[in-house]
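Right, I'll just put the structure down here and ask away after.
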Amino acid sequence: KQQHPITLKTILGFEEICSVDVWRASVAELLGTAALVFALDTIVISSIQTETKTPNLVMSTLVAIIITILLLATFPISGGHINPIVSFSAVLTGLISITRAVIYILAQCVGGIVGALALKAVVSSRIEQTFSLGGCTLNVVAPGPDGPVVIGLETGQALWLEIICSFIFLFASVWMAFDGRQAKALGRVTICIIIGIVLGLLVFVSTTVTAQKGYAGAGLNPARCLGPALIRGGHLWDGHWVFWVGPAIACVAFGLYTKVIPSQHFHSY
Amino acid sequence: KQQHPITLKTILGFEEICSVDVWRASVAELLGTAALVFALDTIVISSIQTETKTPNLVMSTLVAIIITILLLATFPISGGHINPIVSFSAVLTGLISITRAVIYILAQCVGGIVGALALKAVVSSRIEQTFSLGGCTLNVVAPGPDGPVVIGLETGQALWLEIICSFIFLFASVWMAFDGRQAKALGRVTICIIIGIVLGLLVFVSTTVTAQKGYAGAGLNPARCLGPALIRGGHLWDGHWVFWVGPAIACVAFGLYTKVIPSQHFHSY
Amino acid sequence: KQQHPITLKTILGFEEICSVDVWRASVAELLGTAALVFALDTIVISSIQTETKTPNLVMSTLVAIIITILLLATFPISGGHINPIVSFSAVLTGLISITRAVIYILAQCVGGIVGALALKAVVSSRIEQTFSLGGCTLNVVAPGPDGPVVIGLETGQALWLEIICSFIFLFASVWMAFDGRQAKALGRVTICIIIGIVLGLLVFVSTTVTAQKGYAGAGLNPARCLGPALIRGGHLWDGHWVFWVGPAIACVAFGLYTKVIPSQHFHSY
Amino acid sequence: KQQHPITLKTILGFEEICSVDVWRASVAELLGTAALVFALDTIVISSIQTETKTPNLVMSTLVAIIITILLLATFPISGGHINPIVSFSAVLTGLISITRAVIYILAQCVGGIVGALALKAVVSSRIEQTFSLGGCTLNVVAPGPDGPVVIGLETGQALWLEIICSFIFLFASVWMAFDGRQAKALGRVTICIIIGIVLGLLVFVSTTVTAQKGYAGAGLNPARCLGPALIRGGHLWDGHWVFWVGPAIACVAFGLYTKVIPSQHFHSY
């Protein structure tokens, strides 16, 4: 209730390095991200294995559901980020300190690796090669009539898609969770459902709108891109920076937006 | 609670030009409309790309969801218009001043342009030509057996459809948000869901009821029609006035309706 | 709270003819019924135009949604009838006076006509002939091998279906809105959703259960049957009385039922 | 409210053997598990019998619904476990005593047998052989070109899948029910729906992700695996220990996780 004066010390929050609670909370972030990576990738495989004409619709619905649930499961422990984009924009809007954000993002990256390892343990290598397995790829090397051809999205186009989708994600869903009055008015479950739906929609849209084979859709979560890239390597590293730079730009734009909009809520009645 | 005396000064509200809050709120309108245009158009492309037999059903459902969420995201900042129809009818029912409405509508038009630009950045020109890309069109020039033929809806029919659909949109959903007592009884989330569903239904109905190729359905939002027309031009300008005049007539009719109905609510218990 | 003594004067309520509020409220009934007729008929066309294997499922779902929303939009103004069945049974249960009911039913009939005219303005005559366009028909003249043949439901069977469906509509949904304690416990939104779902279910059942071409399902709303019959005439007048007499019998039966059931609610806990 | 001191006596809880309430509650566990086994197996049969292209999607949805309902039905009586994994992890998080857990798990195993017997009573032996009938199998003996061949999953892979899926089940859904503050904030119905959805998702994923015939998906409930194995025997006993050891490891990991995370909830506002 009482507004603490915002000092550089609060923003940096170095004393949180020694806080056991921050490190404990980061365990939830780690396991949450691991569960997310494992769930997302198995959902992608299962959706495509299922003989349905609309695998991307099924996939997007399940993605929306699993994200909603994992956010609800981790929210009271760590704040429910499980995504470096959320942690970074939480710093920019002054919700958490830089130290806590760095610890969270590290935990999320480790979680991405754990999730990719868990997937490797249960999936046969044949399936691993058939599917891109949740890795964030811009292009893929496919056999062509005149030797292997690289098909995929141009880096510039992918970067724009990453920036726009990340910004819509922050603008249309995360903001509601960050703004205390909105959060209270809507309730925890509604907000987690909205975040899940927005991400599901963005997955649906970004995987089909480019109609470009080889591009696996917007990343929207650098940690889930890093894990598979570290474990399986190869072409997953091509243009990997896009999945970090794009969201970062979106986070800065979102941070500016939250500063620009009026701090009092609009009331017409 | 206390009814302010309605003077010409309040209605015009010139002093709001200097209000920083109005301009700040208009940023939410601008970005909200941009996100709306981008989301609507990518949803249309994705729905048609998806190999489903009912792309218009999928599209309408997603439109309902995305509008609900964007309204929830902008409601506490600017009142959640992201549509010149809503801003104009809000003036006619005395909720906001003319100055604020003009600023909002300008912001929405700029937002429509930004959204159309964002779309251009991520979509290849091949796809851009295949789909009408959310532009509001009455007709399209198609290759016929005896040279190019213009197929589409007659302007009169389109104008009637625009007036009727806009009025149903205002009568069946926006009114609930404008009437303070209704809004309080139903709650913010319910109202935004209702507005989203009504617009989704109108999209579903207006795209199929005429069974006329070339007509892209009722516009129901002049700002989203203006953006693509300015960016891509061409046949998007044909009959563009319909998407402004139709809703304007509906807004005036709706304004009269709100004056005619009794100001006390009906109570049978 | 205070029970007014029920006199013949209250039941007739002649003084309400001069009440401006009743006439104003009837504007909402008129426009509500017009929107209902327009929406129902365009939904029927759109559902059948959509290439889906289950058009009646889609149609029923959309009917349930649109009725829910229109009831919510008119409820606080006029009580949300938009259906002569509801107005007539509201008289029989003593909720409104006979005068108000007559004014409402007149407004609903005019609304039905306005809706049918609005439909005529936007739909091409080719589509108008392909579909029965929401008109309430018992049979249709179809070309047969030995000249035109009348196919459809027998009048007796249609009357029974009309009585049973109307009574289920009143018994299973409208009663909850009429009974003050139920209405308060469930809340306005829940009740409007229930009424919408019950009508949607009855549409689904009555259009498929007879498996008889030419019969367009139970009318369940005389006003929506009258409008198209007056505008387009022809075979829409065949057996039109069924759609008035059937619901009337159901209303009387429902009136008796509300008198028979105990006035105290049953409590087991 | 008052925190009892945790002594070895409370943890063991030997006095609960004489408690009539514990034994009565175990009846709900027994019947709940029997209903679960019967329902799961009939759902599997019905889903595959239904001529749909996506039987696993239909099945998973129905599994989610039936589990939600059975949990809601048994929750106020016994706490709603109907799964040895839940009972075992409830001991590890200190919610119930060891004695009560042992009684519950015994009841669940007997329930699994009762359910398998009930299924045998109503299903013809032809169908019983066509389907694996909810039994938990790693592999199946199929006729091959060179005599019978054993096809299925390697034991190590199956164990990893069992551990990971059980942990996600505990981490993403059961934890919300175990944590008092979460449970109160979300409400009973929401939590039961979440548990149902998570299990449905895991069923969907685990049956398709391995793309390996003979493997019937993750067990996620040792009691439902034991019943069919005891009644029908044969190859259902192959690797049956996996369905007990895997979840047990997950429970221990989950127990550690609940000790590590901070006991105060995270609050940013």
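As written, the chain order gives the labels A, B, C and D, with residue 1 at the start of each chain.
Everything that follows uses one rule, which is that a contact is a pair of C-beta atoms (placed from the backbone, for glycine too) under 8 Å apart; a residue touches a chain by one contact, two chains touch by 3 or more.
Values in this document were obtained by computation on a predicted structure and should not be read as measured data.
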| item | value |
| --- | --- |
| Shared chain contacts [chain A and chain D, defined touch] | none |
| Relative orientation of copies chain C and chain D, as a Cα rotation angle in degrees, nearest 5 | 140 |
| Chain copies touching (chain A, chain B) - same or different residues, decided at half shared | different |
| Distance from chain D to chain B - Cα centre to Cα centre, in angstrom | 49 |
| For chain A paired with chain B, centre-to-centre distance based on mean C-alpha positions, whole Å | 30 |
| Touching two or more other chains - residues of chain B | none |
| Chain contact topology (line, ring, star, complete or other) | line |
| Listing of all chain pairs that touch each other, if any do | A-B, A-D, B-C |
| Contacting residues of chain B [partner chain C, same complex] | 53-54, 56-57, 157, 160-161, 164, 168, 171-173, 175-176, 179, 181-182, 185-186, 190, 194, 197-198, 201, 204-205, 208-212, 257, 260-262, 264-266, 268-269 |
| Chain D contact footprint on chain A (complex, rising order) | 20-21, 24-25, 27-28, 31-32, 35, 38-39, 42-43, 45-46, 49-53, 58, 62, 65-66, 69-70, 72-73, 75-79, 90, 95-96, 118, 121-124, 127, 180, 183-184, 188-189 |
